[in-house]
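Chain nomenclature is as follows: A, B and C, assigned in order of appearance, with residue numbering initiated at 1 for each chain independently.
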Amino acid sequence: MSDLKVRLRSIVEALLFISDQPLSKAKIVSVVDIPEEEVNQILTDLTNEYSRADRGFQLREVAGGYRLYSHPAYASYIEKLILSFDHRRLTQAALETLSIIAYKQPVTRADIASIRGVNSDGVVNTLINRGLIKELGKQDAPGQPILYGTTNRFLESFGLRSLNELPPLDEFSPDDPTF
Amino acid sequence: MSDLKVRLRSIVEALLFISDQPLSKAKIVSVVDIPEEEVNQILTDLTNEYSRADRGFQLREVAGGYRLYSHPAYASYIEKLILSFDHRRLTQAALETLSIIAYKQPVTRADIASIRGVNSDGVVNTLINRGLIKELGKQDAPGQPILYGTTNRFLESFGLRSLNELPPLDEFSPDDPTF
Amino acid sequence: MALPYQLKLEMFEGPFDLLLNLISRQKIDIYEIPIAQITREYLDYVDSFQEFDLEIGTEFLLMAATLLDIKAANLLPKKEEPADEDDVSPQEGREVLIARLIEYKKFKNVSGELTARYEAESKYYPRDAGLEEQFDGLIPDFLAGLSLGRLRRMFLAVYDKKEINLMQADHITPKPLSVDEYVKRLKERLKGLKMKSFRELTNDCTDKVELITMFLAVLELYKRGKVELGQAEVFGEIMIIVNDKPGVVV
């Protein structure tokens, strides 16, 4: 492979590596600024390379684009690792993020990160996977970031008929002993 | 490489791939159930492999463990793809305060103010929100002031494996007469 | 010496930062600081803050006072008899100041090094994609036992924290506080006490203006002879000692 080719392959690989959602070809084309045929070639090369070299991850085409996944052959080890994690950190982060989305919806990932002070992408994905939040559309702003809001499942989980039933923020609330 | 070796390497790679925090050797040893020397070998192999093949990501030892990072050469493309909030610039005041905490920990707010010559509460709060410092406990002194120290996120943000890797403070004495 | 007019005044990270800047402009060794000259320049600079209608932190004024103190002590004829133990000689005052400047400068230098590291590091992005859907079931249900009230409190906690930081970044017109009001409050706080440090008294102060007003209130009580003040060392704790001479009621 030529140096330029290696470089382009590495750039696409870096983008896939960092992305927390499927990357569309159109997105790769616009970020790397190369023709779609070249992107196709790189994606095929990467897919083959990973499988030939028995990597721990795979490149798969899923709804909306390409995404790296851990190799299913090693799922049992991954499960063992996840079970060994301390989940309190995740829980705290997930609940904070959920409360921000519930009260400030529609919000973008950038809004959430700016309120929490840290990147919250992983947590947003977890909440999506849990069916508690969903995409509402795109913000009419540069980059057209995705707007998120809570789902019906969120309402059900809390026994709410509608979002209007969320406790008001400005109401004076005495310390709740039952917490 | 033997089949078994390839398989073990892929398992470790899969674990590194899905982890959202640095993975300690001890963790890998316990999940994969192989001796530490083998884990060492695999980690070295992976590091070399990634750099030899010009991959879009790198394996680095930070904050007491190993974690995959995108290759810094492609940072501009990644920035184009995502908005990063973890890497907002820190102000001079924040970095001064962080340096004092890093070298003098555990320290109180009063210690910091006394070295900087100004009240640094606002900056300390910012550093807490950014997850770079945390409360370590209370000083056994009148008023029981809170003691602060750096977090693992601090080590990660500065690419340090441990606090021992901080450059020795004495080298930074102002010995130059003209400053 | 008049400072050249600049459209925008350089902002300093504190009195030590300003002092170091003045010293480095003179290209003199930190150990050879000419106190008289540096004091004048420092005061000029602090004055120019006022000309530009900028707030001056109490810290800057405190340093000005310290410099003047050392300068004044330098000018006074040397005492024959051994000085009072509490008195800091001009030489000692100068040495303390230099030691503190050097301590600060060390951290300022190392923070430059850390900045370079931080910037290099910001080009590495860790993989932070969260769990794949198939492994999601392994995480315990974090909604278990969560009440709506707690969700609300959680939001307020994380959102309020943010608000405070935003406000610190903004320039806000300070709301006028009445010293009289603080004198009353202070008397209330000191009731039945023998002694309290200024730090303890101002633990709950949320901004500088409040802190300064409290300080003025302390000075007012001192003027009225209701309290004595003590400070063991430069920048040390300021102790407010309630004057318990008979007949004096705080």
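What we mean here is this: a contact is a pair of C-beta atoms (placed from the backbone, for glycine too) under 8 Å apart; a residue touches a chain by one contact, two chains touch by 3 or more.
Keep in mind that this is a model prediction, so the values were computed, not measured.
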> Any idea which two chains share the most contacting C-beta pairs?
Replying inline: B-C
> Can you name the chain whose C-alpha mean lies closest to the mean of all the C-alpha atoms?
Replying inline: B
>> Centroid of chain B to centroid of chain C, CA atoms only: how many Å?
In response: 29
> So, what's the distance in Å between the C-alpha centres of chain B and chain A?
Replying inline: 23
> Between chain A and chain C, what is the gap in Å from one C-alpha centre to the other?
Replying inline: 42
>> If a residue has to touch 2 or more other chains to count, which residues of chain A qualify?
In response: 17-19, 70, 78, 82, 114, 117, 119, 121-122
> On chain C, where are the residues touching two or more other chains?
Replying inline: 125, 127-132, 135, 162
>> Taking the touch rule as given, give the residues of chain A at its contact with chain C in the complex, in rising order.
In response: 17-20, 69-70, 75, 78-79, 82-83, 87, 90-91, 94-96, 98-100, 102-103, 114-117, 119, 121-126, 129-130, 132, 157-158, 160, 166-167, 169, 173, 176, 178-179
> chain B touches which residues of chain C in the complex?
Replying inline: 13-17, 20, 23-24, 27-30, 57, 59, 63, 100, 102-111, 113-115, 117-118, 120-132, 135, 161-162, 164-165, 168, 197, 199-200, 203, 208, 211, 235
> Hey, which residues of chain C end up touching chain A in the complex?
Replying inline: 125, 127-136, 138-140, 142-143, 146-156, 158-159, 162
> If you look only at chain A, which of its residues touch chain B in the complex?
Replying inline: 6-7, 9-19, 27, 31-32, 54-57, 68, 70-71, 73-74, 77-78, 80-82, 84, 109-110, 113-114, 117-119, 121-122, 143, 145
